[in-house]
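Below: a set of structures, written as structure tokens.
Same chain, two partners: chain A is paired with chain B first, then with chain C.
The block that comes next holds the complex of A and B.
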């Protein structure tokens, strides 16, 4: 009876997996579908799969000034913060990875510990500080605050990436007369590039998705897209659902563009050991 | 071969200095604000020292928020690890390499979504009348209404399910990758000894992965502290105070209800002390 039971077990396992895969994407796909529906097709007791699609919701979202400002703010704030994270984080990570000193462990722990800080504990005092120096509700304030996130995350992920570059290549470059800086530029950066791009993409997704800090540090001018999207729903349930769904889709698209990069990053981090 | 170079200093010092300033200034200032009685509505303030903290311990809503936060932490971490290990092992056992790749892509999608998006997606799905997740219930019961987000007993779990949807599926991918890095010999040896599939995992592979699994759990514990976005969008801490975690309560005290910035900051400081102490101790243990 054993083979039969094993086959049944495999069937159950496969069913559970398929179900999990379905649960992973279906809610999002349904939201995307709803963004193409008229309100009458959404507010139905029985979910409707067949309907006449409309682009009104998407057009409405893209035509709103607040959404466009939010999009602009998000792109600028996240772009600048990630850029600062790259410029400051990557060299520092390389120094920790390749020039071990007795503080290396402490530095790594310090960078990680920044992640322990509750966002509220950072946002409240910063709000008071930005208010006092007159930078509250501006993009520079948001960029500086986000840089703390991007620098620490990029450093944290880039240290192992640099460590996995074979030491021999760098040693060979030193023998060929390269200086320490050109070894970093011409050898370490290009060789580790794949993992590094993953780390940078991850930091972008992190700040793009950030909500609490943006909510506390902006009141009108510097609102990012997640804030604008969440406010659409506060106008009560009178807001056509299709529009809300469309704004969720718009907000979710940029991180999903990195799906390929990030899954490649995962693969390079967990490479099977050669035996 | 590596000669003495100025590189570590030029590369490290500016970055660390900036990180130190950016992290220490708000942290110390949070403590300063917590010892004063600042309010959003006026610019006057005086030093009240520890009275905010004393008020907190007499505030039943605060104690409730502590309890909700602890529940949230336990529920999400445990459920995430169970889902991750379960699905990870299943993929390892029954999925072909091609299927594994497809599942890995699908399972990463939820975690990439902004928490705000994920929260909205599920808020729609949990809608009692028109939601897609409550549809099967309406279908089976012939139209009875089930509203998980507005019942105190289920609201926290409904919100937690979104967190597990994001992180549990993502961690399943990592568990699979970890299983794939294991050498095949011990598994084959166990198979020759007629061990069942689940026995192989319970007694051989998962114990071999103990260290990385504990690290994963550690990461999840840190990420679970960021519950605010989900709760803010889905329930606003309600119904009543059933899903009011510490950051939600701090936010509503500081910004929505009364503008008591100092009171909120005192709460944030307590959270900070608790998390830094707990995670530093855990980290030292994980490293040891």
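The block that comes next holds the complex of A and C.
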């Protein structure tokens, strides 16, 4: 009886796993397929798996200036914001984690509180501020605003990552003659790298997908890709499904590439050496 | 010249004092063990020597130089941590060489020195591996190699063996003893394991609540414990304690307790003016009494027998007090059998019942 039961349990488990995997992957795969279809193949009653592929949608998307500008704006704004988040957020997180003073708790709460308010409550005052300064609808305004998000997210996730580095390892480096800054660079950063890269990737995805603040802070010049993509659907009753799907694919590629590069990097750093 | 001198050292966290007015001097080439129950401040004291904890008051000098305000790296010390504290992202070679790189030692010399140290500790096959690919004993050896390579004035060990299993612990203990024999580097070693302390130390510093209870060679501390705490802490199985009333009878001291009266000449002790005392006798010092013995008897019914191999530990109730005797296994009585044990006057310890201080005559302590 027993082996049979185990096999049944395994079967049920694997089925659930397969279903969950299907639910997660199918919409993405279907979107990717649809981006290669003509509108006729998309709006048919019977979903088609076999069709004549067309690159018209992708060509249309890539050929539009607004899409390319949006892509450029997104890459620059998110890239710079993540870079600033890393440069300022990681040392700040390390300081809070390793050299806590009586404000350390308040700092952590403040950082977390930046994410409490609904974005729209933050966006309106920010819009007024940028209008007053004369930087409304520019990339610098977007970069600074996004940096607030990336710094807070990176700090929030990096503090526990640094705290989980065994203190003795850092103390051993002190005994080996290294100072506080060297210990941060040579010990804390590489040892915590795995979790830190997760934090950085998460902050990137967060600002890459950001919609509301970008909508409020840009009117024409600084539009990011999510804004441009959303405008594609505002073309009357005749929804260009193929083009929409192609824009979604374009929108999903950079985070995927980013994560792919990161996980490749992670593997190369942490793969145990075979001897 | 003393290698390490602590004078009037204090350590406090806010209002809590962890170490209070501690004075200690450690000679060059000495192997000193800080021993004590957990929370006695022994690790804190070691970390203060290392420079990982601030010194709240007093002065610490290493090699004749006051180090209170020196960074750990400038104190001429090397430290081995309880959980090894190897750098997980570096190979074994880099782990060992990390300190030398800081000192800007040329690469060729680093290579030579790492190889020499690795040879001493049998680590040559593992130099290219990462710490996680090594067993606990090997990791500890890397940690020792990392400390050795800097040729420090002082080695500091913070409970280095407590993460290892019993067999490996014995093995590493012997290795550390051999290492000290060949290098002769002044060593301070923290442990809560009295076996490690007894076997490794030239001198033991026994701490309790941040205060030194006794300093002495392992033999001194075992044979002449200075107070009740030391007597109870050192020695396995634990010393038997019997509360006694002190009196005189026929020109001898008569100590009444545990339902009987013990009679001693008492020349080794200063019992004048003491009316209550604690009599201590170690289980191995209890001998099976002959039929003819009539003085200094401890008798009862054996209610627990622990077999140790060569010996057996017999526990019995004597005048409402639990007493243990370590006897050769062939003399081991049956469970519930009546037992009679006696002991020599030389093997007893007497402590003042109120202060806990040993009543042994001072001149014998020297």
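Going forward, the second predicted complex is superposed on the first by the 237 of 275 C-alpha atoms of A that agree within 3 Å, B and C clash if a C-alpha of one lies under 4 Å from a C-alpha of the other, contacts with A are read in each partner's own complex, and residues count from 1 in each chain.
Operating definition for what follows: a residue touches a chain if its C-beta (ideal position, glycine included) is under 8 Å from a C-beta of that chain, and two chains touch if they have at least 3 such contacts.
This is a predicted model, so every value here is computed, not measured.
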| item | value |
| --- | --- |
| Which of chain B and chain C A:122 touches, first, second, both or neither | first |
| Touched partner set for A:191, first chain B, second chain C, both or neither | second |
| First, second, both or neither for A:58, with chain B first and chain C second | neither |
| Which partner, chain B or chain C, touches more chain A residues | B |
| Which superposed partner A:171 touches (first chain B, second chain C, both, neither) | both |
| Contacts of A:179 with chain B and chain C, given as first, second, both or neither | both |
| Intersection of chain A interface sets (partners chain B, chain C) | 171, 174-175, 179, 269, 272-273, 275 |
| Contact footprint of chain C on chain A as seen in their complex | 166, 168-169, 171-179, 182, 187, 190-191, 193, 269, 272-273, 275 |
| Complex contact set, residues of chain C against chain A | 50-52, 71-74, 77-79, 81-83, 85-89, 91, 98-99, 102-103, 128-130, 132-133, 146, 150 |
| Of chain B, residues touching chain A in the complex | 1-3, 5-8, 10-12, 14-16, 18-19, 22-23, 25-27, 29-30, 32-33, 38, 87, 90-91, 93-95, 99, 102-110, 112-117, 120-122, 124-125, 129-130, 132-133, 135, 138, 143, 165, 169, 172-174, 177-178, 180-181, 183, 197, 222, 225-226, 228-229, 232-233, 246-247, 250-251, 254-255, 261, 264-265, 267-269, 271-272, 275-276, 279-280, 283 |
| Chain B-facing residues of chain A, complex | 6, 9-10, 13-14, 16-17, 20-21, 23-28, 30-31, 34, 42-47, 88-89, 91-92, 94-96, 99, 101, 107, 109-122, 124-129, 144-145, 147-148, 151-152, 155, 171, 174-175, 179-181, 184, 205, 208-209, 211-212, 215-216, 226, 229-230, 233, 241, 244-245, 248, 251-252, 255-256, 258-259, 262-263, 266-267, 269-273, 275 |
